[in-house]
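Reading through the structure tokens given below for one structure.
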Amino acid sequence: MDVPFPTLLLNLGEKMPGIKLYIGIWLGLVVATIMEVVIRSLPGPASVFLTIILLIAGVKAIAISLYYQNLRYEGIRLATLPLAAIIGIVFLAVSAGLTITMGM
Amino acid sequence: MPQPIPNSTADWNNLFNLSAIIAVIAVVIVIGVMVFFAVKYREKKGQSKFIPQIGLSRSRAREAVIFASISIILLASLTVASYRLTPNARFPPPVSQSLVIDVTAYQWNFKFTYPNGAQTIGECYIPANKSIIFNVTSSDVMHNFGLMDFRVKIDAIPGRYNVIGVTTPSLDGNSQLNYTIRCYELCGSIHSYMMAPLTIMDPTVFNYWLANQTATNATLPGG
Amino acid sequence: MNDDEHTEKSKSSYMPLIIASGVAIFLLGLAIYIPVLVAGLIIIVAAVYKMFKDGAAEKFSGTKETPEEETYPLESVTNEKLGLWIFLASEILIFGSLIIAYAYVRVNSGSWPIATQTHNVFLGMTNTIILLTSSLAMILSLYAIRQGNVKGLKIGLGSAFALGIAFLVIKLGFEWPELISKGFTITSGLPASTYYVLTGLHAVHVAVGLVAVGYLIFRAYSLGFTSSKHIAVENVGLYWHFVDIVWMFLFPLFYLI
Amino acid sequence: MFFLIVAGSLGMLMRTQLATPNENFLNPFTYDQVVTLHGLLMILWVLTPLAAGLANYIVPLQIGAKDLTFPRLNATSYWTYLFSGLLLVGTVFLPGGSANTGWTLYAPLNTIQFSPQPGATLAILALALFAVSVTISSINFITTIVKKRAKGVTWTRLPIFTWSILMTMALALFAFPPLAAGLTLLTTDRIFGTVFFSSTQGGSILWDELFWFFGHPEVYIVVLPALGIIAEVFMTFSKRPLFARKIFIAELAAVTILSVGVWMHHMFTTGVNFDVLQAFSITTMAISIPFEGLVVGLVLTLYKSRIKLSAPMLYCLAAMFTVTLGGVTGVLQAFPVLDYAFRGTYWIVGHFHYVMAGTALFALIAGLYYWWPKITKRKYNESFAKITFVISFIGFNALYFPYFFLLDMPRRIATYSILSGWASLNFDATVGAFIFGPAILLTLLNLILSYRKNESSEANPWDSKEMEWTGDYSGTAEASTTKDNSIQSKNGDKS
């Protein structure tokens, strides 16, 4: 518990990637958004849309939280907070979902 | 002549007594030990504050595991017992072998619709020695179709049909058996009065009554 | 609880009391009589303005931990950032539950209007890109101030603010009137309910974010940030990006699927 | 405190109403409102903040911090809490009265169609404001406990009460947002005419899900601090280290995590998919195992000790009794088939009053007595405290034990017929209520009186080994034994 913590990690929060990376990410996000819309306009079963589009959305969210919210450089310990919340939500979603689909 | 106890109630009582006994034993042990300690190790006058250490610095993993496993065994056995009973209520015998009654709860009464379309309000008549399936829903707020004499309950939820099944006992000597259906979910001001008598009759009498219902599709005066 | 009062006294500020009472009066009005709501709103706005003036929002920030405190396992994180992340976790839970509610009623109800026919996908996409861009502006302003570039900070914040405004204008000024004219009003059944409540709540978050960004701009001009002193920029940024993330999900859920 | 008295008197009103069959002391509608307010106030505005209030003073002391991390946020949380409570109480005076749906606010009875009075809307908004307040303070506490521990207060040496508060607050952080979401939907339903809960497309089940996802953790939000207090008091008054401290903490954590995963046992009779319900009944039984571990650990703490039966200790023993009884009755409800009979009856009422009113209230009073000299530098009247304890304990059991025999009496009924045969037990309960209520009032009076005659107490009246009393956070004394899992045991050695 009381291990001495490497001092070089202490100012990780301050470490930031270059400006180019941010703009690159932004371009990627915009492209992803347009892709979502394009995919929607393609013919095909709705369930496929749902999965693909939500996957893209998830990727976008992760990208934002990793780079814009700087989580990638904060280390996993801080990330556990949102992760815990997401796990809780997924749990609620699954249980609630079961009560719809298989409810008698 | 005393009213017979429905099977579901008998099973329920057995399970309840069993688990209640275990529970009481558990309470008695825990509290007994606690009170015993509290009395035995009470601080006496002029007693030195110095107490000999007995190895408390040691981790108590073993004891914890033992306690946990004991309770796991108890709970598991009770669980098995309880799941053996559960299906009686939730998964009744097929519709073909049973009388299906649609129950619509509303503020503040129950409406019973019989297979032949006959309706009664605020009172229910069912034959003895038969498996009955209540198909419960609600037309306004959330109610609860509670049949405590059979130890079963199911929520009456708008937009949703919930099934609860009971097997009626035989009359054994009584002309008819009288039970009460209550609402067990707060549903508004008159909740306290929301109940309906459940009458179990001899099957032939019941069929005659039901036939009459269809002939003159008269709904009985609501309770 | 007396203990809270003790803390309150020792800090001798009436701002929390004023804000709380304002919110309370606001809710009172919301429930009973709308003019009261306005009164509450005025109190809140006044309090917020007061906080702008004396930068009290900074005083809300925590006391710095002294080096001889145990901070395992989060040594590298400031108290404010930790607190903000905890807050964001709760926000995740709120929006998550709302989205679950949406999915729940949607799956339960047999028929659901086809999104692309109800909603204007183009406007939705524009809004998405606007939000993304404002996020970019936000992070770039943080980047700028880390370099000590105050001008860049001001530009970044300004554009983020403007884009946020643009988002709200498009949503409330164009989309909702269009939908309402189509008879897709808030009272017209579950699809409308879910849409207006979720996007509405998101819009409220955007508005709150705008206030915060406005505060940052105000600070940037009055007291000023330096390359070492810019916790507020980073934390507001975190919140802003979170609002962005939420929209990343709301957009496909409502406009595409 | 104020809310405690209000809610308590509401409870008395109910008991008066139910004392005799066909009573017309309150009309049914008023009775429903009383039920609702009593539930909401007691659970949310009394028990939860009482623990938070104690923690607000004790946690910084226990971890050697000057104050919470965000004093302003703390104040904000307090004032929002106060105003939300005032709003809720205020709803009574509105035309049409307050919410009449029971504290579970089941849909669709909570919608505008079935409870049109504005008071209900305001009550819901007050609840939302309270959720905000709780979220703020949980942010504050978690940050404080993680970041502001004095040198030497490592996670291993963190006092049990602080542990319990940490977990309580984490749980609150998890539990309240879904409630807030549900309340948002409900508010828009009531004000802007959306149709979430009035819809028949699973509206009311949806409310169940959201509400109980909050509702069951809330029970543990109330109970965990109580356990923390009991542990502290046991350690101090038995001069013993906590039995198997690390395991105790691990069990606390297990309870915390599991408690998020059991809420559907409140929905056994909603007729939703039965496999899910059985899974949840298993998790419910799973949670009882670490919980039992906690109780056993506490009891074994007393083994071979020197117990001083002061008032806090007595209250904690009482709390142990009630938590055990409430716990086992809870386990019985974990079986769906048994719950078919229990649901919505006075058995349930008895169960959760034993857990909440019993455990939480007794333990919190114990905490008040225990830390009173620390908080106010005053001495309370010990013998008076003991007398009030005896009275309140007798009253409590006279009040709630009969409920276990009212197995078929529906809860929240305003009255019942003489034929039901519930009269005598209800009368007992009412008598108990009229013993219990005044006893609690006397307890408060005792604390207040200790202010009046200012006879100051010494710094550490219980000569406790806990850090908030000794003020020694360095842990240097135990530095040699950091591997030792129980610091206090070394303290015992030295003493």
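Miscellaneous remarks
Letters are used for the chains, namely A, B, C and D, taken in the order the chains are written, and counting of residues starts over at 1 for each.
The rule we apply is simple: a contact is a pair of C-beta atoms (placed from the backbone, for glycine too) under 8 Å apart; a residue touches a chain by one contact, two chains touch by 3 or more.
The structure presented is a predicted model; accordingly, all values stated were derived computationally and were not measured.
The greater number of contacting C-beta pairs, out of the two interfaces A-C and C-D, is seen for C-D. Relative to the centroid of all protein Cα atoms, the closest per-chain Cα centroid is that of D. Remark: chain A and chain C have CA centroids separated by 19 Å (rounded to whole angstrom). Taking the mean of the C-alpha atoms as each chain's centre, chain A and chain B sit 46 Å apart. Chain C and chain D have centres, each the mean of its CA atoms, that are 32 Å apart. Chain D has its Cα centroid 36 Å from the Cα centroid of chain A.
Each of residues 154-155, 174, 178, 199, 201-203, 205-206, 209, 213, 271, 274 in chain D touches at least two other chains. Listed for chain A are residues 1-2, 84-85, 88, 92, 96, 100-101, 103-104, each touching two or more other chains.
Within chain C, the positions touching two or more other chains are listed as 72, 74, 82, 86, 89-90, 93, 97, 100, 104, 108. On the side of chain B, the complex with chain D involves touching residues 12, 15-16, 19-20, 23-24, 26-27, 30-31, 33-35, 37-38, 41-43, 47, 49-51, 53-54, 56-57, 59-61, 63-64, 67-68, 71-72, 75, 78-79, 82-83, 85-86, 89-91, 107, 136, 140-142, 144, 146, 148, 151-155, 157-160, 162-163, 182-192. Of all residues in chain A, those touching chain D in their complex are 1-2, 84-85, 88, 91-92, 95-96, 98-104. Residues 27-29, 32, 35, 100-102, 106-109, 114, 199-205, 238-241, 243-244, 246-247, 251, 269-271, 274, 278, 281-282, 285, 288-290, 292-293, 295-297, 299-300, 302-309, 313, 317, 320-321, 324-325, 328-329, 331-332, 335-338, 340-341, 343-345, 407-408, 410-416, 463, 481, 484-486, 489-490, 492-493, 495 of chain D touch chain B in their complex.
Of all residues in chain A, only 1-2, 5, 9-14, 16, 19, 22-23, 25-26, 29-30, 33-34, 36-37, 40, 46, 49-50, 53-54, 56-57, 60-61, 64-65, 67-70, 74-75, 77-78, 81-82, 84-86, 88-89, 92-93, 96-97, 100-101 touch chain C in the complex they form. Put simply, chain C touches chain D in their complex at residues 1-8, 10-11, 13, 15-17, 19-21, 23-24, 27-28, 30-32, 59-63, 65, 68-72, 74, 79, 82-83, 86-87, 89-91, 93-95, 97-98, 100-101, 104-105, 108-109, 186-187, 189-190, 192-194, 196-197, 201.
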